[in-house]
Amino acid sequence: MKDIITVFVQDCPTNDKQAPVLIEGLPGIGHVGKLVAEHLIHELQATKVAEVFSTYFPPQALVEENGVARLCNNELYRYEDEHGTLLILVGDFQSTTNEGHYHLSHEYVRMAVELGVRRIYTLGGYGVGNFVEEPRVIGVVNDAALCETVKEAGAVFEVSEPGAGIIGAAGLMIGFAKMHNIEGICLMGETSGYLVDPKAATAVLHALSHLIQRPIDVDHLTKRAEEMEAEIAQFLETNSTKSDDELTYIG
Amino acid sequence: MKDIITVFVQDCPTNDKQAPVLIEGLPGIGHVGKLVAEHLIHELQATKVAEVFSTYFPPQALVEENGVARLCNNELYRYEDEHGTLLILVGDFQSTTNEGHYHLSHEYVRMAVELGVRRIYTLGGYGVGNFVEEPRVIGVVNDAALCETVKEAGAVFEVSEPGAGIIGAAGLMIGFAKMHNIEGICLMGETSGYLVDPKAATAVLHALSHLIQRPIDVDHLTKRAEEMEAEIAQFLETNSTKSDDELTYIG
Amino acid sequence: MKDIITVFVQDCPTNDKQAPVLIEGLPGIGHVGKLVAEHLIHELQATKVAEVFSTYFPPQALVEENGVARLCNNELYRYEDEHGTLLILVGDFQSTTNEGHYHLSHEYVRMAVELGVRRIYTLGGYGVGNFVEEPRVIGVVNDAALCETVKEAGAVFEVSEPGAGIIGAAGLMIGFAKMHNIEGICLMGETSGYLVDPKAATAVLHALSHLIQRPIDVDHLTKRAEEMEAEIAQFLETNSTKSDDELTYIG
Amino acid sequence: MKDIITVFVQDCPTNDKQAPVLIEGLPGIGHVGKLVAEHLIHELQATKVAEVFSTYFPPQALVEENGVARLCNNELYRYEDEHGTLLILVGDFQSTTNEGHYHLSHEYVRMAVELGVRRIYTLGGYGVGNFVEEPRVIGVVNDAALCETVKEAGAVFEVSEPGAGIIGAAGLMIGFAKMHNIEGICLMGETSGYLVDPKAATAVLHALSHLIQRPIDVDHLTKRAEEMEAEIAQFLETNSTKSDDELTYIG
C-alpha cells in the first residue's frame, strides 16, 4: 500500500467567490485543537468530504459503539455559507514517526493547494505545566504581515515563543503552506497540558471565531471536553491492563 | 528485495460454487488465534498453498527439529469441501514495526481479493489480566449487518469494546476488507493473556465452527496448547541467556 | 514529499578560475563546527544560496523573534573573492535517524560535485570529557597526501584517532567525497563537550583560516558563543517543562 | 543514495572448473565468524574484489592508523587455487535495523548467485553464557541432505538448536540461499560470548578447513584475537567517555 491514502467520500467543490479556509485540529497537548475543531464541525454541521489512511498511524482498528471496527484515520469536513468555504481537518492521531509527521503534513497542504485554500489555521495547546486561570492565546504566523490581524483577534505574540518550536502538524503545515504562498496562522491556547482543556479551547475558539468571521456558540464545549476525557480515560485504562508485548499482538 | 514476498507453492484455484472464506490466526495474546488456526489446519488436513516472507519479520532463521533452517514466514493453507473453500493464514510472527503491520495486513487482504474471498475471520485473544473460568467470545465486525450472525454463533458485543481498539492483523485486515466489500468478523476469546490458552481457543473455535458450518473436534486442542507452550518456553529461555547485544549478532 | 528537498534561492555560479571549497559546520559536540561556520558567514558576509529541507529533521517548525515560523532546515552560503569561492553549510540539525545521516551527507556531497567543489572541510568538536586549557585541533583526512598540508596549518594527527570513528556529516561527507575524488579534511577542536565552546572554535578557526588562506577576525567569536548558548538553553528549558508525550503533540 | 551500494574494485571471474564457495564471517557473538574469516584472508592472502556500503551501517567514518578516514563497509575477498574459488565476506558491522539485515543478506546472496556460488558457509558463535573448555561446533543447514557432510567435518546437530533461531546474516543468508538452490551450512562455535574467542574460532576453523578441503594453519589465531580485542576495547573506551547525545553529533 502507499504510505498515505486519501479518499474523497464526497464531492468537494471549491467556492469561486471566496477562497476556502482550512482549519487543522488534530490531537495534541490538552487536546485543545481537536476539541475546537470537533466543536466547529458539530455546531456548523459540516459534512465529511475526505478520509486519510496511513501507515504512519498506529496499526490498529478502532471499535465504535455498535461493535463495528474502522481503521484509524484523519478526516476532512466541509462547511459553506455566504462568507465562503471552511474545511476542517480532524482525526484520531498525528503520526507514530518523525518522517510521518512530515509526509502527512505535506499531504494535508497538498490537498489544501488542490482545493484552492488561501489560508490555513492550525490549532493547539501551549503547555505551561500548571493550571491557568485565564489562558492566553499565543499566535505564530508564516508571514510577518499576518501579525496585526492575529493580534486584533486577541492573540498575543511572544519573542521567539514557543522556544522549542511547534512540533507536529500545527508547525509543519504552516511551514509547508509558506512554500505554496498560503497564509498560515497557528493559535495555541495556554493549558496545563494534563487534561482535555475546555478553557484553553474556549480561548482559541474566541480568537478563531473572530478571524473566520463566524460567531460560534461555546455552550457545549465543556460538555464535549468531558465526553472526550471519558473516551481517552477508557482507552488508557484498557491499555494499562496489558503489557507492552500484549499490546503488540492483540490479534 | 521487496519488503514483502509472496510465493505460491501450490495452485490455489478459487471455488466457483461458493466464494472462499479466509481465517486469520497469527500469533497474539494468549496465542488464541494461532492455536485455533493451527488446530483447524491439522483437523481438516489443509494444504499449504503460499508462503509470505518479509523484511518486517524478525531478521532470523528458525531451526527445525532436523537441524534445517528456514526463514521466518507466514503461510496460507487451503481446504475445500462441498460447502466451499477455506483459506487459513498462520505464521511465525506479525510484524516488528508499525508500518509493517499495515503493509502485511494490506497484502493479506490483497491476496484475499485475488482469491475471490467473500468473508474474512480474524481470530485473537482478548486480554483481561486474570484467569477466566468460562471465557466469552467478543465479536467485532466491519459492517453492522453482520452483528446478528455473530451473535447467533454465541459471540457477544460490548459497547465500544475493546476500548483500546484491535491491534495488528486482526483489526487491520477487517478494516482493509471493508474497503474491498469483503465481510470481516473478528472473534476474540477472553484470556488472562499469560499462557497459550486452550480454553479461550475452544470458545473461539465453537463460535467459528458454527459460523463456517463445519463441526471441528476440540479433543486435541489442549495437547496442542501444551506443545506450543513448550516451544515458546524454549525460545524464550534460549533468548534470556543472551544479552540484547548478543541477540543482535548471533551470526 | 521526497525525503530531502534542496531549493536554490539564489543563482550559485561556480568560479572558473579557482574551484570552490565547501566548509561544513552543522551542529555537533560543543557546537564547535556550527560556531566556526556561522562566524565565517557573518565575518565574510556570505550570501545564502540554497536551503535543504528533510523528513530526517525533527518534525517541527522553529519560531523566529518576530513570531514567524519556518521549517527546520540546513542552509548553504556562498562567498567569493579573488582567491576563489567558499561555500559554507550550516543548519539547525543533522539527522534524527541513522540512514538520514547517510542520505543527507550524500546529498551535500552531490551538491558539492554539482557546484565543482574540489575540497571539503568538515568541522567539529572532539569531546574529551574535561575542560581543556589549550585545545588542540585533531585532523583526519580522506587521502594520506593531505596530511602534510593539515599539519602545516597546526592540526595534529593521532594514531587511529578518534577511535570511535567520526559520527555524522563530518565523517560521512569526507568519506563520500573520496568516491568523487574530492579532497576531504576534518578538523576537530578538543572540547569538554558540555557547552558551546568558543576556545575550541578559535583553535579550529585558526587552522581553517590558514588552510583557506583568508585571515578571519576572532574577536566576536566568544560573544557569538554566548548568544548561541542562550538560544540552546531556552530551547532545552522549554522542552524540559514538557513530558515526552506532550512534545510529540504540541500541535 | 541507494540503501546498498556494491562496488567491484577488482575483476571477479568465476571459476568454470569448480563452482565457487562463499564464506561469511561478519561480526557477531564472540566475533568468532569474523576472526575465522579474517584469519583465512590473511593465511590465504586473498584479494579484495568488492566493497559494500549501506545506509544500514552506523553513520560514521572509521579512522585508520595513518589518520585517513573511510566509510564503514563490508568487503568481499577472493582466493583461487586448483580446487576452485573461495569468496570470503568480512566487514565492520552487520546492520543497525531489522530490515537492513534482510536487505543486506539478500544482497550478499544476490552477489553469490551472480558469481556462480554453489555453497555458502556462514560462521558464528553460539553463546552459552559461560566459559567453555572444549567448544563444540553446532551445525545448521538449509537442506537435510547436507547434515552427513557437516557431521563428518566434526560438527554436531542438536534437536531444534539454536532454539532462538539464528539471528542476522548467518541465518538469513542460508535461508535466502535455499531459494536459489545454493547449499547453505552454518557453523557456530560454542563461546561464552563475552570476548573475542580464539578457542571457538579454532574449533570452527577445524570444521571449515575440513569442509573446504584446505588445511589452514591456526598458529596466529590467538594473536589475531588479542589484536581484535584491543581494537574493540579502544572503540568501546572512546565511546564510553561520551554521552549518547555527543555520539550522535561528533560532527
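A, B, C and D are the chain letters, set down in written order, and residue numbers restart from 1 in every chain.
Simple rule for what comes next: a contact is a pair of C-beta atoms (placed from the backbone, for glycine too) under 8 Å apart; a residue touches a chain by one contact, two chains touch by 3 or more.
Just so we're clear, the structure is a prediction, and the values are computed from it rather than from any experiment.
Trainee: Would you mind naming the chains that touch subunit A and likewise touch subunit C?
Mentor: none
Trainee: Same or different: at the subunit C/subunit D interface, is the fraction of residue numbers used by both copies above or below half?
Mentor: Comparing the two copies, subunit C and subunit D contact each other through largely different residue numbers, since under half are shared.
Trainee: Quick one: superpose subunit B on subunit C by CA and send over the rotation angle as a multiple of 5°.
Mentor: 180
Trainee: Please indicate which chain is farthest from subunit C, where distance is taken between mean Cα coordinates of the chains.
Mentor: Ranked by distance of C-alpha centres from subunit C, the top chain is B.
Trainee: Between subunit A and subunit D, what's the gap in Å when you average each chain's C-alpha atoms?
Mentor: Taking the mean C-alpha position of each chain, the two centres sit 51 Å apart.
Trainee: Take the average of all CA coordinates in subunit B, do the same for subunit D, and state the distance between these two points in whole angstrom.
Mentor: 36
Trainee: Counting only residues that touch at least two other chains, what does the list for subunit D look like?
Mentor: none
Trainee: Which chains touch, pair by pair?
Mentor: The list of touching pairs comes to A-B, A-C, B-D, C-D.
Trainee: Touching residues of subunit B toward subunit D in the complex: what are they?
Mentor: These residues of subunit B touch subunit D: 1, 3, 55-56, 58-72, 96-97, 234-235, 237-239, 241-243, 246-251.
Trainee: Which positions of subunit D touch subunit B when the two form their complex?
Mentor: Result: residues 24, 26-29, 33, 94-95, 98-99, 101-103, 105-106, 122, 124-129, 139-144, 147, 157-172, 174-176, 178, 184, 186, 188, 193 of subunit D touch subunit B.
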